[in-house]
Structure formats: C-alpha cells, structure tokens
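Submitted below is the structure of interest, expressed as structure tokens.
In this document, chain identifiers A, B and C correspond to the written order of the chains, with residue numbering beginning at 1 in each.
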C-alpha cells in the first residue's frame, strides 16, 4: 500500500481533537474511574455455569461418575474467584460511580466490597442445585410443548428458548441477591444470541417454555406462573410510563403484566400493563393485543379477521 | 482481591451438593454416555462448506483457477474425516442414547456406525455441486427482489437471508440422508446468527428469497415451491398439535403449510396449518393471518385497517 | 475411527466435480479477482471505533486523563492503515469488479485507489468528535425513554439499540463519503448481533432511541428527525418497488418514509412508502400499519380491537 506520509502526519492533531472531545462530551466516557465489570469475564462465567448445570453436553464431554466431581470442583473453585471479582467491581461502581482510581486511598473500602462480593458469590453458587431443578422442569416443558422435538438432548443442545431461560434464571438469581449491572450484561448477551429479551427482574415459575423465540420481550416487573408457554414475537410490556411531578420517569414500579399458571400466549400477541392479569389456564391467540385482565379458563382471539381477496393483476 | 479463606473452604461441600443433584435431577445430565456431536465441530464444518460453495468470498481470498483445486481438495479431505466423525457420534447417540462408554465392549458396533457415517459423508459431499446450483438461484432471486442490493457480491457477503438459506440447504440434505441431531444443531446456529428459524425438515424449491428476515419461522413439514419470497416476521406454522389417545403429541405429521411457486408473503404475515395451500402466483399481505387455503393468482390483504386519529394531548 | 480407504479414494474425483461447477455455475465464485474487503478486518475496525467513541467501557478499562492520549493515538494510527487498506479494496472492486489479479500490470491504478482511500479514511477519522456528540445524545435519549435503565453506563454497556445506532452512525458516515460495500458489511454485522436492520443509507437525526429492538427494519431512503423512538418489530419500509420499462427494479429512488422530530412508533407498527411523512410530535400505536402521511401532533391507533372471549374447552 502506498501511504501519503504528509496526509498521515495529520493523525496526532486528529487524536488531540478526539481526546479534547472527551472533555466537551463527558457523559459517555469512563476515564479515571474504578473498573466496570468486564463483559468478556461475565460471559465466560455464564459458559462455565451452563457446563455445571447441564454436565456433559457442551465443552467437556467425556464426563462420567468417576471424574465429574473433580471437573465440577475445579470449575466451582475458579468461578468463586472470578464471580467475586466481577461482583466487587459492580458493587463498587454502583456505590461510587465517580470513584477515582487515582485517589489511591480506597483500599479499606475496596476490602469491604470484596468481602460482600465473596459472600454473594457463595450464596449464588449454593443456589445451583435449585436452578438445575427449575431448568429440568423447563426442558420437560419444551418436550411436552413441541412436536418437532426429537428428545431432551436436542432441547438442551439446540433450543434458543432454553438458552434464554437458562441465562435468565442465572441473571435473576444475581438480581435477587442485589448484584448490580451484571444481570443486565447477562440478559443482553442472551438477547443478542437468541433474539429473546427477558429483563433479569422478571419473576418466572417452573416449566416455562418459549418456542422459536425471536422477538419475545418480557419486561422487568412481569410475574409469570408455572407451565406458561410463549411463542415468537410475544411482548409482555408496559402500557404507560408514569412520571413524577418533575416529569421524570418513575422507575422500579410494577408496569408489566402478571401471567398465571398454565397460560399459553401465541405468536406476536401483546399483553400490556402492570395491573393486567391473565388468569390461569387461559390462552391468548396469535396477534391479540390486550391491556386489561382476562379471567381464568378463557380463550381470547381476534375477531375472525376481515380479509380481502382479489385476483393478482 | 482479599479472599476470606474460611468462606472459601465451603466450596468442596458445595461441589458435592451440586454433584449429588446430578443423581436427583437426572434427565439433564449426559454422564458416562457416548459422546454427542460437538457444536463447535459442526459449526467449523459449516464454515468450510460455505467456503467451498462460495469460493473466494470469505476466509481464503486469493483464489484463482491455478490454485483453487488444491485449496478445495484440502478442504474436502479434512471435511470427509470430521463429518464422518460427527455423523458417527450422532448415529450412535440416536440408536443407543443410553450407551455407556464404560461398557468397554462396544468396539464392533462402533465400527458399524463409522462405516455408515463415512458413506453418508461421501454422499453428502457429492451433493455439493447440486447445492451450488440451488444457491446460485437464491442469490439471483435476492438481486431480483431487492432494490437496495448493489450487486451479487453484496448478497453473498452480507445478506442474512442467504446465510440462513445456505445453512438450511446443507442441513436439509443431511436430514434427507437420515443424519440425526446435526441438522438441528446447524439450523439453530443459523437461527442465532440471523434471527431466521427454518427447521431442517422443510422442503424449499429454488430461487428462494428471505428479505431482512428477523423473526421468520418456517416449520418442519412446510413444502415451498420455486421463486417464493418471504419478508421479516413471517411465520409458516402449525395450527393445532394433534395428540394420540394417551394425550401425547403426535410427531412427524404434516402440520405446516404448502406454498406454491411464485408466491410472496409480506412482513409479519402468518400462514398456519398442514392442509393450507397458498396457490401459485398469490401474494399474502403484511400482517395477514390465515389458516385456510388460497387459490392461485390471489392477493390477500387485511381489510383497510380501521385506524383512529386524535390530537396528541 | 475406522476409515474405508477405498471409499475415501473417491475424494479427488469429487473435488474435480466441485471445481468444475465453478465454471458451470459461475456467478457465485470470486476467483482470480482483486481482493474484496475482509469481514473480519471490517469488524475489528468497528470494535476499535467503539473503544474510541466510548473510552474506558470495553476492552481497555484502566484509562485516565494521563494515559488516554497514548492509547487513542495508537488506535488511530492503526485504524488509519487498516481502514485505508479496506477502503482501497472496496473502491477497486466497485470500479473493476472483473479486475484480474493475474493481469500483473495494475500497479498504477492500484496506487490511485490507495490515495483516494487514504483521503477518505482521514476524512472519516476527522468525523469522530461529531459522531461522539450524536451518540451522546442517543445515550441520553435512551435514559429518558426507558424506566428500566439504571443509568447511562448500563445503556452504553448493554443496550442493543445503542449498539445498532453506533454501528449505523459509523456506516452512514462511510456511506456519505462514497465508500462502497463496507457500510453494508457493517450494517449486516450489526443486524446479526442485535436483530436490528438499519440500511446505512438511512438518515437519522440526534437523540434516537430503539428499545428492545429485535425485528426493527429501517430502509435505505428513510429520513428520521431528532428525538424519535422506535420499539421492537417496527418496520419503516417500501410500499411498492417501481420498475423501469424493461421490468428492472429502479434502485436508489426514495421509497421509505420520512419521520419528523419527536415521533414515537410503538412495537410492531409498520410505516410504508417514500411519500409517507409522519408529522412531528405524532405517535403511531402498536401494530398499526399505515402507508399514508399523518399530520403533526396526531396519535394513530388501531380501532379498539374486536376480541372474542370464550371459555377454554
């Protein structure tokens, strides 16, 4: 490649203009502050957790009763350290988003975050058998719900719905333990993989099945019972965003629906609003858009659609 | 990081509780069995196949008439071995999902799976010229169907619809050859990349074009003719899931529609049911939801939608 | 693995049949031509640009006022070279798609492409402070628009909408500078990550927010004002594809809508047509499908949907 060196000599001045913009446009930099959690580290933690929850399916395959305890013990040991480190970063950032690393004298406080993070990490790891029980119910629900499934292995191996629910159950547990930031990193990583966007705050019961899944949105304050099925494109969302007297959004308030046990919501249906309750055993048909409650044992469909047929010109 | 070693000393007990859960919650483990196909290996096979089908576009670019035969010969040789190994694993798993690797005495049977796998691998590799012919028709259909396309190279390089159709045509051929499991690994990998979910069982004619594509679902028993175009969010799905007298889902039955030649189905339309036939030259408008057949040469649209207009408050 | 060598001896003949198909099915090969841009190289350029635009958030975290100028200077220097190389490839391919690398005597012309590419690369790098200003407005718009956002850092770190808009603003600048091919590689890479498909030709004003985002499609000739919000599944598309007297598609003509300032378009709404203008301060409700203009300050919703309720059988 023939480079024009005179042209290239403009680069230092150009660099200075960019760096100057870090002062003028200051809200989207993260300079001189404590470290944020690392997306890469968080994703690698999630991959290890998937190996522990579904042993033998993914990266390490030759596992048997004789060696599995060593393999898992090794994974858990490493996870404990990496999880503690990332949670400590998240806690420090949450409490002191403006903390300057150049301050020097933050050692004491840092030690507190480390201790708190370690305790949370251990409480999280203790929840793994419970997570496995929930996820086993989800795998069975997928097999019961999808005639195209050839067996449980196929579901564990290939189903994006199970991938999304696995990551959600991990993220939700961290959310419950008060870990900031990391649950959202997990949920958006899962969203990028699967096209399924579940906020880590959503509460979801056992035997949950999402089929196909692309475009599904489950909002932060949803409460979902057991044996619920969602199809592609379903939105469980907010109807209005209440604001305070200063016009600021009120955050954390329940603004997404409650879905009771045994409900199925078909493709591209939209259920909106924090007071909306879909009663148990009900079915919401494809494309239905609803923002009020439905009693138990009800089938809701759109009126037979008025279609127009004409000859192709 | 300051570690509390007393806290950390709980990890061995914690590991044991997790491993104990592999006994209590046994259906989502894969311990002591023969190896499953590896997703990583299957994906690397697919990448090589894309390089063979569209030579010069992707990883290896300096190809010309003088060196291409060596490059392809080398790829084919490696593919033969890796494909055989993965197919053998899939066959063994399909026949003997419970086969214990610790049994020791499975050598004879294993050799049979290897021989069968190798024959399938060679039959698959023989199908590549035919796959290229189909995919060339798909590239041309995209160029004919999208005014934003600047040329064939852009389509081969960038279009997720072509990516999804390429992987589908590979997966469908393996499905036809009776390979278990691997076609679904391929289709879900493609789904994760492209947001387009095509079951490997779907039968799709030449000159197929999916534009934009996110959210498209094409079910297992669909039959699609030639010169068919789908836009983003289209579902070709099942209407009901028939069950046998024991309440179990009946699998493998035709439950997804037939789309004849020259049909276009616009964004977010839904066509459902195994007996539904969309006749040739017909067009299904955006957002239409239909579960009955449409004669040839018909345009189906929703009734002019009743919209409400009011002033913003 | 037990290999049948007689079966394997068929591979050379099989390779020859595949290579022969490169002659018979010639439109999907790229053999003996100048190199195309490399997707891998273009993606790595985009990753570096994200680090420069949002310093301290991603790969390199310990940045502060004392070291940031060296870090950015280093990134810019490398970017200049790699961007120039990729743009030169794209220009050469655009002008001479049939250029044979074996011709030998193309050195002079190649030097011209290099010079033009370097000038474009520098003009692009000069635009970075302006891109940062736009993207800071987008981050603030997301915080203002989403009650689930806990802070600006979460948006920069996790929001797929911001990821898609960042890549779009980079791709659009390259599009404006007349760079062929690379803008589309960027937009489809972003589409694969986020499920959001924005053509690099689309013109988008400041303070743009896409929430959730999966399934959003924004067409090539859209013009979008400032403070516009889109939700998941929104299509801003073409209504008809005009053709010339030979039946060929007319490319580059305005066929996608204009969205004025302060408009919100809710989930799965569809706005079509090159003459369609959605006036400022208007809101288009979820699921609305419209292909004509709407005056300013208007709320458009679907007629209260006619739902059918019946008891579950």
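Structure notes:
In this section, a residue touches a chain if its C-beta (ideal position, glycine included) is under 8 Å from a C-beta of that chain, and two chains touch if they have at least 3 such contacts.
Here the structure is a predicted model, which is why all the values come from computation and not from measurement.
In this entry, chain A maps onto chain B through a rotation of 120 degrees when their C-alpha atoms are superposed, rounded to the nearest 5.
Of all residue numbers seen at the chain B-chain C contact, under half occur in both copies; the interface is built from largely non-matching residues. If each chain is reduced to the centroid of its CA atoms, chain B and chain C end up 24 Å from each other. Residues of chain B found to touch two or more other chains are 195, 214-215, 233, 268, 287, 302. On the side of chain C, the complex with chain A involves touching residues 52-58, 61-65, 68-69, 72-73, 76-77, 80-81, 84-85, 88, 111, 114-115, 118-119, 122, 125-126, 128-129, 132-133, 135-136, 139-140, 144, 146-154, 156-160, 193-195, 212, 214-215, 232-233, 267-268, 286-287, 302, 305-313. Within the complex formed with chain A, the chain B residues making contact are 1-4, 7-8, 10-12, 14-22, 24-25, 27-33, 35-36, 38-39, 93, 97, 101-102, 180-181, 184-185, 187-188, 191-192, 195, 197, 199, 201, 214-215, 217, 219-220, 233, 235, 237-238, 241, 249-253, 255, 268, 270, 281-283, 287-290, 294, 297-303.
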